[in-house]
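Two complexes are shown next, each including subunit A; its partner changes from subunit B in the first to subunit C in the second.
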Partner chain A sequence: MEYIKHYEKNFSDLLKTSDIDHAKQNSFDFFSKSGFPIKKKGDERWKYLDLRSLEKTFYSTDYDNDNLTINFDSIGLDKSNIISVNNGVPKYESLEGIEIIPNELYTPIFSFSEDEFLSLNTSLSSKHLLLKVNSKFNGKVLNIVYISDSEKEILECPRIFIEVEQNVELTVNEIFISSDAVNLKLPVIEIILNENSKVFHNLVFQSSFTENNFKFTRVDQKEDSFYKLTSFSNSSLLAANDIKVGLNGKNSECDLKGLYFTTLNSQFNTHVVVEHNVPYTKSNQYFKGILSDNSRAVFSGKIYVEKNAQKAYAEQKDLNLVMSKGAEIDTKPGLEIYADDVECYHGATAGHVDESTLYYMMTRGIDKKSATQMLVNGFATEIINEITDEKLRSFAQKQSDDILPSLSFDL
Partner chain B sequence: MENNSLSRESKLEDKEYKWGFTTDVDTEVVPKGLSEEVVKLISKKKKEPNWLFDWRLKAYKHWLKQDEKEGEPEWAMVEYPKIDYQDIHYYAAPNKSDAPKSLDEVDPEMLEAFEKLGIPLEERAQLAGVAVDAVFDSVSVATTYEKQLKELGIIFCSFSEAVQNHPDLIKKYLGSVVPYSDNYFANLNSAVFSDGSFIYIPEGVRCPIELMTYFRINTADTGQFERTLIVADKNSYVSYLEGCTAPIRKSSQLHAAVVELVALDGAEIKYSTLQNWYPGNKDGEGGVYNFVTKRGKCGNKSKISWTQVETGSAITWKYPSVILQGDDSIGEFYSVALTNNHQQADTGTKMIHIGKNTKSTIVAKGISAGKGNNTYRGQVKILPSAENSQNFTQCDSLLIGDQCGAITLPYIEVKNPTAKLEHEASTSKVSDEQLFYLMQRGLDEEEAHHMIITGWSKEVFKELPFEFAVEAGQLLKVSLEGAVG
Partner chain C sequence: MDKILEIKNLKASVTETEEKILNGLNLSIGKGETHAIMGPNGGGKSTLVNVIAGKDSYSVDSGEIEFFSEDLIEMEVDERAKKGIFMAFQYPSEIPGVRPWQFIKASVDSKRKFLGEKELSVREFSKIYDENIKIVGMNQDLMKRSLNEGFSGGEKKRNEVFQMLMLEPQLALLDETDSGLDVDALKSVGDVVNRMRNNERSFLIVTHYQRLLDHIKPDFVHVLIKGKIVESGGYELVKKIEENGYESFV
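Showing the complex of A and B:
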């Protein structure tokens, strides 16, 4: 595979930097063997997406991350604490209550062999940003902004690791500012929630019809911890929101929600795995999609309940509005349960807006288009309201309001 | 037609001579192994016309290619030791001399099971495989039905008979729903299928009896590679029941069957299965591997309905599907799958919506007990042409004990915005409160479990022909023995 040789040659400096050289080389070897997961036998995770374009582009690197001004208004934040620009090391402004963990104390909470994209991130990432949040940061907000600003088509692999100490509560906001270049982004964030900690995680993908963005979130939850993720995505050319949460402590709970708009010929993949590894754990997955034009959305969810993880309670839902003839939704809400004393539910729907509701509204004098838009807006707002950061929420709402009139509804 | 088939036979013989292959045609068992010769021999033994032999050969060649390239499908959540396809007899005529001479010689365990299931006395001997000439005179019943069916123009016979007597129908519909290249096991079946059933219902005829009754009396070991073909002509109706609640000990371990249903415009086919083959012993040794391909194709305004109760087999790999090709056609799938001890099941359905206003309903219930793993794997595909199509899916799993697993994998693919699709599923155990209530009324734990499970499965049982619904409830009870407590 030509592109692998290209990576080997042009990313050699990244392959060597960092203190975990051997891991980098191992994971690159792993990636070289399989390449991008295109029609791989027995691998269903990426089966519905067309990833061939990734093989054809020869990405390069760009370390220039200075002289950049961010218009914070345009992204709904007032400031940022961490900025990841191009291939540079994520810039971190030191904050009270957050310390940097030395590299030798870091072990990732996932295995690079779990996924080809994760292995590529491991091998081509610049120095990781490793943070530990203590009680002095309790109740505060950590804003992370990812920016691509290069003339070239670049491949970026930022990696951020956050360990939250016991009894600490914080909000993590992640937002992407994209450029018009055909970039490939593979950002990975790892979060460890220690006993009785709480994390409210908000994730906003900004629209870009040129970018490929594969976002990975890996979470490890200890006893009595609570994790809430709300993601909002406005179509990208090819994007993925890949989430895996391990409920590894009693009474831990996670609540994962997401909304995805897909338009034109964009493709969006939501991949969620929640692992109930110990007894008395609770999880909720609630995702919604609005698909129009010739776009495609994929949802593949899994609730996994380990043998001894009794008294688990898990829910999973994926609801989709298919608005146009060319759009396609492929959804696979899966359950894998090996404990008997559990309650697990999942549901999925796909369809158009409800006809009788539409009819009711039209009898009240609202024209069909506005009535449809109102219904779709209501459908979307349910998730947007879950975004815990007020500024980000109104930003997402505004984005949604802007998209709605431009959506094409075949009726 | 007779002349025609005669000349075909002689041609076939010529051809075989030319290939320089001679075997004693009277042997009851073909030597182990799979080769072009074996395929040829099976075809010759069955005196098949050339076109069918060619079809088998094409299938065999394709299977070889597939075997080399990909091997057996690995995506299913089942584990079993690798099958040596050269260590199997691909043809064995039913052996009468080994059969027990009377009920006294039958395994008492089996008789006990009959008793529990409430199977009529006259049928027990037949089911236990007692040689036909030693059995009660039930043949007259069969002949009565035969006459009635004949008057209506219904054809119901073994597949081999159909090949001889109705070659045009077979030629037209064989492989029209499940092509020989469909999948590994269907491919193998197409090359070496032994026998099976063929049904043809003429236009506008409503089959007056449930064909199960007839079948049950006529049941015979059709071997491990069965092939069934049912054709319902325009506006006809047929209900067919395969298998029975009685435990069947198949002599062979690998069982790869193919069932094809063709429902032409306005026709309705109801296909019910009760499968209770040998599941292996408590430690998971032995048992039947059941790899079955079942599929139906619907014309305009037609309906195909699958109902299955799967309690047997060490491994069940089975996805009865419906291709909703015609406009306004309907597909249904009702299933109860139970795994106990070391049994594994990966079963579900596929509903492919192609025509306009097509509807499908899926109700799948999985019960896992002992160390069994039970997977529901289903696909609902709405193609762009399927305007206003609808699907409703419900799959529930029940877990009994903490050594088993329940896996639900629904694949939903929608390419039309007018489609309406709902899917819901749940996994839980038998509610403690319900158990407590029943036990408080004097039922023991096992009885209480049984009562709750029967109620829970009712949605599927009610789709079965009446007398079988009762037996199916008993079957669950027998299969779950020892799983509770």
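Showing the complex of A and C:
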């Protein structure tokens, strides 16, 4: 394959400038063997998406501009506690309560062979940001803002690793700023929650009709830790929200929620795995989609309960509103349970706006279009309200308010 | 007396199945009048009120429906509402993520705009809203939830009556608003109807029970069986139904 040769060249250039790294080499070998997961048989995660465009563009790994300016006022975020990721390169100014972990002490919490995109990120990512959050940062907010420019087609492989010390609580906001860059983004964030720590993670994708963004979140939870992720995605050309949480300590709990709007010809993939690896763990997955035009969304979720993970409680739900004839949702909830004393619930729906509810609203003098918008907004708001950071929540609500009037409902 | 609603020889069916439900129904309601419709289950009472409100899962096959001498049949549901028709539902919908305040504000705004009246300020609106909540005896905490979500049957009915108060219709259609209500709730529904009655406003009240009508004392009572009004009279007709059932009308 032509594009694999292209990345081979990039990879060997990278090797010239750094020490030999076996992990990177193995990872690249894995990628060059399998390539992008295009129409891969038996691959529930990617098989419903059209990824062919990825073969045609030869993305460069040459970061020539990492000094972009961010208009913080437009997001309403404070300028403090910001990590900006410019064309894939994380920029960090020291923050009280956050230490840098030396490279040699770092081991990823996932395996590169999990996924082709992850293997490419592993082999080509040159700048890792490895952070340890201690009690001095307790109760604070860390903002990670991704921004790109449109000079050329760049492959972005940022990697941010955050280890949260015992008993520390923090908010992590990640925002992808809309741009007309034509990059391929493969951002990876890893979070380790040590005993009794709490992380409130909010993730907002602003709409971009030129970029491909495959976003990976990997979480490792120790005893008594709590992790909450709320994501909001406004349609992108081709994007993924890929989440894996390991509940590896007793009484650990995660709450994963997300809302995806897809419009025009955008494609969005949500992939969630929660692994209950020890007894007394709890998880919740609650996702919603609003699909219009000729867009496509995929939800594949899995609850995995290890044999000894008794008393696990797990829920998973994916609800979709399909607004147009041309829109398509593939939703695949999945359970893999090896313990016997567990409580698991899962369900998925795909439906249209309820006609009798619309009628009810119209008998109050609300016209059909406004009634539909109000219903869709109500559907969306339930998830948006879960964004724990107030500024990000109003940013997401505003995004949603802006999309709603432009949605076409042609059923 | 001025007519509000004039229905002549109305035949209507279920759109999907073409099942005929209303078989030549006549009904005339004047300004300020309160009419009650009684009848056995499945007779077509809900169909009638929904046809007046404009639900498109019913088709009007023939006949006339005029509201203030204007043909209603082709009119959109929301336009009928803005012109003054209100329906309290037998089974009100639940609307996730939409707050009662937001919903009724949108309704009132929409109606006022249509009638060329100026929009109420949030303050003016809130004042009326709070007063009406008290009048209906709605639980304040419920009104902080999504509309009708987690409301009991009785609370949903009270909420319908509350919306009626807010929208001040010319013609209010109440479809079994009294079913599933306890004595106190029933009294409060009756009180609201009585307080809203005036020379300009008319009611069409569908019910199975004498209880509510004892409270309201309607001007006219009709018996609807198999898609037709088979008997009309005054309040005394309620007694007759209570004593003899509907068999005597067939």
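By our rule, the second predicted complex is superposed on the first by the 381 of 411 C-alpha atoms of A that agree within 3 Å, B and C clash if a C-alpha of one lies under 4 Å from a C-alpha of the other, contacts with A are read in each partner's own complex, and residues count from 1 in each chain.
To be clear about the criterion, a residue touches a chain if its C-beta (ideal position, glycine included) is under 8 Å from a C-beta of that chain, and two chains touch if they have at least 3 such contacts.
None of the values given here were measured: they were computed from a predicted structure.
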Winner on subunit A touched-residue count between subunit B and subunit C: chain B
Q: Could you say whether A:23 touches subunit B, subunit C, both of them, or neither, answering first, second, both or neither?
A: neither
Regarding the shared-chain residue A:368, is it in contact with subunit B (first), subunit C (second), both, or neither?
-> second
Taking the superposition on A as described, I'd like to know which of subunit B and subunit C A:360 touches: first, second, both or neither. second
Requested in this report: With the two complexes superposed on chain A, say which partner A:377 touches: subunit B (first), subunit C (second), both, or neither.
Outcome: second
Per the touch rule above, subunit B residues touching subunit A in the complex are 70, 74-75, 382, 384, 397, 399-429
The subunit A residues in contact with subunit C across the complex are 354-357, 359-368, 370-371, 374-375, 377-382
Note: in the complex, subunit A contacts subunit B through residues 41-42, 44, 48, 307-308, 310, 320, 322-325, 327-352, 410
Per the touch rule above, subunit C residues touching subunit A in the complex are 53-57, 76-78, 80-82, 85-87, 89, 92-98, 102-104, 106-107, 110-111, 114, 146, 163, 167
